[in-house]
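Notes to accompany the following structure.
Each chain carries a letter (A, B, C and D) given by its place in the written order, and its residues are counted from 1.
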Amino acid sequence: MRFRLPEKVVERSLLLVAMSSVAILLLITVFIFREGGPLLVQVGLGNFFSGAWDPQHDQYGIALMVVGSFAVTSGALLIGVPFGIACAIVLAEMAPPRARSILKPAIEVLAGIPSVVYGFMGIVVLLPMIRTHIGGPGASALAGSIILGIMVLPTVIGISVDALQAVPRSYREASLALGATQWQTIRRVVLPAARSGIVAAVILGMGRAVGETMAVIMVAGNSVQMPHSPLDSVRTLTANIALEMGYAAGDHRAALFATGIVLFVIIMILNTLANLARGRLKKRSVVVVTLAATAADLVKPRAKPEEQ
Amino acid sequence: MLPRMRTRSLCTFLLLAAIATLATACNRNQAGGETAVTLAGSTSVQPFAEHWAETYMGQNPGITINVQGGGSTAGVKAALAGAADVGMCSRELKPDEAAKLKKIVVARDGLTIVVHPSNAVADLTVEQVRSIFAGRIKNWSEVGGADHKMTVVTRENGSGARGAFEELVMNKESIASSALVQDSQGAVRQMVSADAGALGYVSHGVVDASVKPLKIGGVAPTEATLTAGTYPLIRPFLFISKGEPAGAAKAFIDWILSPAGQALAVKEGLIAVQK
Amino acid sequence: MSNAHPKLDLCELTIRYGEGPAVARNISLGIARNSIHAFIGPAGSGKTSILRTINLLSIDVDGATVTGRVLLDGQNVLEATTNARAELRRKLGMAFATPQPLPRSIYENLVFGPRLAGVRGKAVLDGLVESSLRAAQLWDEVKDRLTHSALALSGGQQQRLCIARIIALEPEVILLDEPCSGLDPISTLKIEQMMQSLKSRFTWIIVTNNTKQAARVSDNTAFFLLGDLIENDTTDKLFTAPVDTRTADYIEGRFG
Amino acid sequence: MSAAARRRLITPRQSQFCARVILWAMMAATLAVLVFIVLFVVKRGLAHVSWEFLTGAPSLSGKAGGVLPMIVGTLAVTALGVALATPLGVGTAIYLTEYTREGRITKIIRFGAECLAGVPSIIFGLFGFVFFVLVLGFGWSILAGGLTLAFMILPTVIRTSEEAIKSVPPSYREVALSLGASKWESIVKVVLPSAMPGILTGVILGVGRSISETAAVIFTSGSSLSKVIPTSLFDGTRTLAVHFYQLAREGISADKAYATATVLVLAILIINVTAYAIMSRFMKRYR
């Protein structure tokens, strides 16, 4: 008989392999904290979250970058989420299979285009448009939001489509059988049922927006200032790291790693939230209640006209 | 049957790839005949250094010159740590840095204030430039131009151009936080060329038709004024090393300082170093 | 009918999944060498679980907990080590309710098991393919398209291919789990004929929902109900003079 | 009925119509952006993509010449990343689907993979810079870049491989086991070959992500413009995406920048279409 790998050995080795992603995550955490942590302790969290960023004078406050990231990200979500969910609804509910087989890969291509190309398109197309039609220097939180809004689309669409498709077909049939139109069914049955999945999609899209670097550097202007309008230039956390990393040494470099820590923590919080939201998706009981309520809701307006 | 073949070919491919990479990895240690010089630092110097390296390597086969970016400060650190044979720096060394390093001025560069070609303003004083970058002057009408809001474009912290600009112009004042920050000379030029109200500073060597260079205190940045030293904003391009450069690095630097090397610099818009 | 030296002997076998109730309780039953033994009973009677326990699939795949013993020639199958199980399963070939050809050619399907067992050499494998296809009475139908996909065969042919695939391993016992449930009468008949003709070579256990099929092909029949063995006897006796009224009710079709 | 219907602002039928129009319009707008980007880049760049451009070395900082060293560098970094991420990712997927039931360990592994998927590329870049470039002393190199990319695309490979392995009918495993295969043999000989197209899709998507990555490789493989093709794992390299960034940012040459972007965008298009073609054939087989 031939030699066989003992199953136990196989299983143990596979477990080891499977733990690699956890190990990598830990490794990243350890090294980012190792580089940036001491500075956080040294300058104190209070100073680190102040508004003064002046590495030449040893002032490392990243509050304005946090504001910048927040501004650009929320702008991106304002643009990306409605379009993302609309596309997801079309893909999951409306498009005939043949159209879907073209639309879906097209959206995935959108995800594959390098972020530097997005940034470049921003510079040559978007910035002049903002400058001439809206005003300001062009490079602004608005420009960053629009570019990121496009860049988060594939994330939002992908996960929303999954969430919508996970809604059992019977829910739709039940609603349609009660006389609801397709749109009523989507709005009152499918979307509520897929709610937590869509929330996860938005959160992960947010993570994508917060983490994007190259495109933002190219279009957001990178001024370390408090933005007063969408046309003001802002610097995000990621831009701060990538802009100055090449030059930084000593405390300055540590401060950039500390910026990385903040970014990392924000991403971890978002991931955890998304995970929780998706976890709730599995608790179908919530959905069933929604369905019952919706069915009752649907029947009412129909019942009224028949009385007359 | 098909999937089976696919697995096999994939495995074969991966195996071949692994062998190939291993082979090349070993190869590295055997390639003894070549001499390599590594330069790292200022992104302002980088394109010129690349140009020098390219020409030099063309004339001296067997020598490889790697030019890494990173920025002036990184260049200083790399030279100190020995990570690079030669560091590139586009500002004067700070006293503590100068104490530990050998520096060679390989060329000089005129820091040029550029505006949009349509801008009517042609001449500013150093004080006006300082006021603009400090945020005290915000409209072109205040310096004799049209009523147009200014867009100030600066470089990022740590860049040699910014270091030199702060040293030559700002006189310890801070650049206003509202200034747009771009991470390369090309990006500054791009920004300025696209915005009628913009101004920024770049190397004389990268000025092209898309932007308009300003006179400073009446002196235009031309080859003549730069060489004569009458243009006020001049910064050195430094090559720095931990000790006296030796071997291939020295040969390369000597060539740069030779008429052939300097002619190349002048052709690219830099100022030759007087021997 | 009890045999002094059964080929396969189930002793006090109890099977449960997870924390749930036992799906088979305290089953003791002998399977005679070179016979066809039918397991009958309505859905949920535990007969498939017992079959899947004999070759340990219920334990390795479904995660069942099993107590009792399954003796193959006196050796307890349940005590086999992980590494011995593969060897054991070659002796206890199994075909499933729906034909399960692997997505590859007919030839590759047949040599899959022998190759795993270490059989090498084209001539040997070719011979094995032909003899097992002949045994399964499939050779004449497929001999010209051995390199074609097995998925292109009809359902009945696929099931016979699966049995041929088992025969290629020269097993001792062949376990059939409702092998004809999805097949037409002609295909069913062919499989039944094949079983009869190969009785001298193997010991067969067939789980079936079809009492008539059990009556047609088997030597002995066991009737299960809700996890209990109700009655086990020669097929003639069980179908003509069942002891238990539930057996009588089932074979007469009063429930099922 | 009609009187009452009029009293409501719009009838369900009208709202259905409006919703359809608006949603499809939004879909169309999204697609328009995609088509616009691709056409904009390709239209300006394709004329400058020539055989010489693809097979030549750059000169004058990229103002002239071609991009062969960058293409080779990109391929090397990508190949290394994929060669490392594939066994790890597929192994993880096998473990999650075949060797364990859902429990605490799978939860931890899945959470780790999901978090890794969300980590921004700049963080991977920072980490790769400290760990591979500095601590392990690889320098800015293909090795450091490839390892960093491997970590980055690992979650993609895990997710797609898991889906692919899960979609292999369970009966295949039983058949293999019943024919005397050990568990591992059943996976290697039956499950993996059947899941291969799905796994390949994940790998191809990982390739796409590696090619288009900038932030993570600029910190780990460097941005040194080299005229020569890298020959060792320890050579630094400038990938196509980084080269494009430099060309566009430094304003070195718009033509070369568009040409480089065209190569990138077309490569991504081809990769995605290939992945999708494989995937849809795969899905058909099991439906």
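By our rule, contacts are C-beta pairs under 8 Å (C-beta built on N, C-alpha and C of every residue); 3 or more make two chains touch, one makes a residue touch a chain.
Not measured: the values here are computed from a predicted model.
Of all chains, C has its CA centroid at the greatest distance from the CA centroid of chain A. Once CA atoms are averaged chain by chain and compared with the all-protein CA average, the nearest chain turns out to be D. For this pair, chain C with chain D, the centres built from the Cα atoms lie 47 Å apart. The centroid of the Cα atoms in chain A and the matching centroid in chain B are 36 Å apart. Our note on geometry: chain A versus chain C, Cα centroid distance of 54 Å, whole angstroms. Separation between the centroids of chain A and chain D, computed from CA atoms only, is 17 Å. Shared interface positions of chain B, defined as residues touching 2 or more other chains, are 3-4, 69, 183, 187, 190.
Residues of chain C in contact with at least two other chains: 82-83, 86-87, 103, 117. Counting partners per residue, chain D has 182-183, 185, 194, 248-249 as the residues that reach two or more other chains. Across the interface of their complex, chain D is touched by residues 55, 57, 60-61, 63, 82-83, 85-87, 89-90, 93-94, 96, 98, 100, 102-103, 112-113, 116-117, 162, 165-166, 169 of chain C. Residue ranges on chain B touching chain D, taken from their complex, read 3-4, 6-7, 10, 14, 17-18, 21, 24-25, 27-28, 31, 46-47, 50-51, 54, 57, 64, 66-69, 183-187, 189-190, 206. The part of chain A that touches chain C in the complex is made up of residues 1-2, 4, 6-8. Within the complex formed with chain A, the chain B residues making contact are 43, 69-74, 77, 151, 156-159, 174, 177-183, 187, 190-191, 194-195, 197-198.
For chain C in complex with chain A, the touching residues are 82-83, 86-87, 117-118.
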